[in-house]
Amino acid sequence: MSREGVLLICILLSSALPGIIIFGLREESTRLRTGLNLLGASLKLTLVVAMDIGIAQGRVFEVRLLLMPGVEIFLNGDPLSALFATLSSVLWFLTTLYAVGYLEESPNRSHFFGYFSLCVTVTIGIALAGNLITFLLFYEMLTLTTYPLIIHRGTEKALLAGRNYLVYTLAGGGLFLFGVVWLQSIAGALDFSSTGLPVDLLGKYHTELVLIFALLIIGVGVKAAIVPLHGWLPQAMVAPAPVSALLHAVAVVKAGAFGITRIVLDVFGIENVLRLQLLPSLTIAASLTIIYGSVRALQQDDLKRRLAFSTVSQISYIALGVGLADQSLALIGGLVHIVHQGLMKITLFFCAGNLAETLGIHRISQMNGVARRMPLTMAAFTVGALGMIGIPPTVGFVSKWYLGLGGLASGNWWVLAVLVVSTLLNAGYFLPIVTAAWFGKQAGPWPQDRKFGSLETNWMLLLPPLVTAFIIMAVGAVANARFSPLAWVRFIVREYGI
Amino acid sequence: MLIFDADAWIICPIVFPLAASIFFFLSRRTGPVAAPVAALATGVSIIILLRQLLLFGPRHYYIGGWQAPLGITLRFDGPAVLMLAMTGLTGIGITLYARGYFSFRIAAPKRVGRHERQERFFWPLWMMLWAAMNGLFLSSDIFNLYVTMELVSIAAVALAALSGKPASQIAAIRYLLVSFLGSLSYLLGVVFLYKTYGILDLDMLQDIAGAAPGTRVALALITIGLLLKTALFPMHFWLPPAHANALAPVSAILSGLVVKGSFYLLFRFWFEVFSGAISIGALNMLGILGAGAILWGALQAMRQQRLKLLVAYSTVSQLGYLFIAFPLASLEGNMKVWGAVIFMAMAHACAKSAMFMAAGTIYLHIGHDRINELVGIRAYLPVTALAYAIAGVNLMGLPPSGGFIAKWLLLSASFNSMQWWWGVVVMVGSLLASVYVYRVVCQLFIIPEGYTIKKQYPRSHLLEWPAFTLALISLLLGLFAPYPLHILTIGSSNVATIIPGGPP
Amino acid sequence: MMSTNLLYSLTGLVLFALGLYALIVCSHLLRKILASNIMSSGVFLMLVSTAYRAGNGKIDPVPHAMVLTGIVVSVSATALALVLACRVQETSNVTLVREEYQHDTSGA
């Protein structure tokens, strides 16, 4: 095995091993557990950055393991996987810190952090998957590792949410498996590549390929929460805040969106998808989801539910960008939103968690004047919200700008209309929160008020949202710099030769 | 090396447990102490056999130097050794668990004498069953197979009746009658074969058996007999009560191992010995029954109120997958389907016995196994709850479990042979499985608010860890798929050609 | 013309069928056990009739060995069945096997 291959394995092990060890730890050994967590997180971050540099230099990162005759587990670090892996490892580091603070006194932490680490391991596995079967393996394991996190509280409500999550994801996973096996029986075990399927298959298996595409997209669409497959996501909000943050920004939803990207770009190939005329349906589904999610978000009073519906809407920007993949600008907008949405959404969830943990605030109607009590948290929240709306210089603006340009370039005026409507709706459901928090009058005492010395809340809860808020601004401001996500995405898109 | 040449290792997996059985029967106090040793010795002999297979390839051994057609021939090849390994692995796990199980029961203040008596009968019977199972996998003679099968059945029935409860005894006698009927049907088939060919040896039969009417009748009788013993839907009626009402280690043995024995024979008969006499219609028939088993078993499992019955019905369902392989094996390259069958059998053996062990542990601790009242088990039996969940993952066929590999191979074979509808059945079965697995796991893992542990139990590692280890093996089996698939190709005449690229 | 050999075989087959019928129809345990014994006798009769080799007048010894073994097996299975039947009658005073006894809801 090459040095690069070993690096890939180490990236996976850097969170898997701590996870397994943590399962065996006793509940009281907090220090050891936290140490292991942070060690794993920083190790993973370092290794992933090393991989990024290697990829930028043109080195090849590959590992192949035989799973069955004719079926290989293939890990491959290409630029697209580097994008997702980097995002996951950066945000995992911050989320770990946050989770340590958040769960300080709650029971069953060994369980929680064990699954937490495994969850990130499989997410990185999804990022590094180099063929469809490897993707499938990790994708199904993601269901298994996130389920215990969702039901972590063990309440009736959590279990109900967990059940719905399983119903959706297992059914979707079943369709996905079906599609993968079918495709494999037609095309053999294909590695991801920028050209996609061999062209001669298209004429021979036209109908089959369309069906397979539908199966695969539905399979990943469940996790990407494309309407009408989104039902599980708002319910999954009962999970602890760090889990929600992870689910929405890094792991589950993002894995679904990443899957859509992979299927269109690397399994079928843009050219083939255009020939089969599959993209319009994807674009339409994405547009509907964007509008639907925003409208539903408007109606929610529960803060986390509103954020959840906002995720439903925002994640489909990625699908929209991929749906317009023949336009490089739109594709850039969609891909870069993988990173941008993650940053913004995790900030918002961190802040929502802070409000709940410090002041017991769960509903928006309770938030009047909260910024005076927790100015830093609400500042971060405001940055995230403005980003979601798409106000420069935040990252959200960059995504929307490219998507809009791509829509125009492809001659689809309605894409622009979708973006405008969605932006207005975003403003409609975020601005009231922000104004109420900063300028509203506090109605009564907070539901529960915990003091943390001179800080507004525990420093481990405060630091992560501030860092991500800073990144949102910074990355948006220097979007054209050499190592910004945007530049990296341009580097990715160049490979597809559009 | 006149007395004990290298080939003679083949009799060790039979002789060790058989000797142990007789010894434990004569000196009943030694059972609990010496059983793990005997299990380990058997395991070691299987490992040696495996090594010999890898080094020298498949072998025959003529007991007492008498060659076929007069003597009794033993043979080992890839599939046989894999089944031996499956039995050995699960058997060691069950042996350790049974130690914990009986000492836990004996430690409980009530009815000590009865529990001790049960344990003293358990060990000889279990070792007898193990020896007979190994004999079944190694025999190369259709009459000898009948004898081993009967031995398996008798030991299994006696074990099933061991708990002494009326329900288990009625279930056991029904089990005995069904399996007696199955054996007789099989024996009648043997008579027809002997009448037609005058041969009992499997290899010789394989060379000359064609599609003559006598062969067809014999195959039909043999098949019916074996199907009864394997409990394929709709002949499964005897299985759930017999498996669910037995003692936990016995349930694990019956569900994990015993049904696999007759299935293994069936598969080899159809695709090796009589591959010339089978017809597509008959294969599809078995496939349809398998599909019926998958769906019916899963639906029944979903509506059970008792944990052990649920697990027993899930066995009915999982056995169905093995029969889906029949119509696929006819058209598709056999390797995939053989691989699927072997993987399904191995993964299911580990997972199902782990599940029954977990159910038994839960039963021992809380005194019942009503599913709706299992809330909060995780709080004091975390390892057991996790073992059950992991075994469940295997039944659902999610990666990286062995069940996933089996289902992948089945799906892939069904697409490649243009019979995608079998693939649909496999998928639907997995989804139904996740429903009934989930029903229990969700109960085990709820910890209601304000829940306190009512009672402190003595911790028994032997009750918890064997189940967990077996469950973990079934989960990780998928990652080591190339090795069993490679072993499978050694010396099995129909599989040998197919693996591209050779060993890993 | 019906040869002796064939006569034996057919008798065996008839016995097997009779036993099978009784095994399925009768619900009394003892009758079921007896029925299975009749079935096995039928099979043994057929088996032993294969020992006859027309033409050379020699007798094939293998079926005899098989029948002997089979009888031993059958005796032990019958013994086990009888013991179990006695037990069932002692503990639950039931001599019939019917569906309602199978699903004991109280637990193992």
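Order of writing sets the labels: A, B and C. Residues in every chain begin at 1.
Note that contacts are C-beta pairs under 8 Å (C-beta built on N, C-alpha and C of every residue); 3 or more make two chains touch, one makes a residue touch a chain.
Since the structure is predicted, the reported quantities are computational estimates derived from the model, not experimental observations.
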Note = Greatest centre-to-centre gap (Cα means) from chain A is with chain C
Task = Select the chain whose centre, defined as the mean of its C-alpha atoms, is least distant from the mean of all protein C-alpha atoms.
result = B
Task = Could you grab the centroid distance between chain A and chain B? Build each centroid from C-alpha atoms only and quote it in angstrom.
result = 43
Key: Averaged-CA centre spacing for the pair chain C and chain A, given as whole angstrom   = 67
Request  = Return the distance between the CA-based centres of chain B and chain C, expressed in whole Å.
outcome  = 26
Request  = Name the residues of chain B that each touch 2 or more other chains.
outcome  = none
Task = Would you tell me which residues of chain C are touching chain B in their complex?
result = 9, 16, 20, 23, 29, 32-33, 36, 39-40, 43, 46-47, 50, 60, 62-63, 66, 69-70, 73, 76-77, 80-81, 84-85, 87-88, 91-92, 94, 97, 101-108
Ask   = Which part of chain A faces chain B closely enough to touch in the complex?
value = 66-71, 108, 136-137, 140-141, 143-144, 148, 151, 154-155, 159, 162-163, 166, 170-171, 173-174, 177-178, 181-182, 184-185
Task = Provide the residue numbers of chain B that touch chain A in the complex, in ascending order.
result = 335, 339, 393, 396, 398-400, 404-405, 407-409, 411-412, 415-416, 420, 423-424, 427, 430-431, 434, 438, 442, 445-449, 478-479, 481-482, 485, 499-501, 504
Key: Partner chain C, residues of chain B touching it in the complex   = 69-70, 143, 146-147, 150, 153-154, 157-158, 161, 163-174, 176-177, 180-181, 183-184, 187-188, 190-191, 194-195, 198, 200, 240-241, 244-248, 251, 305-306, 308-309, 363, 367-370
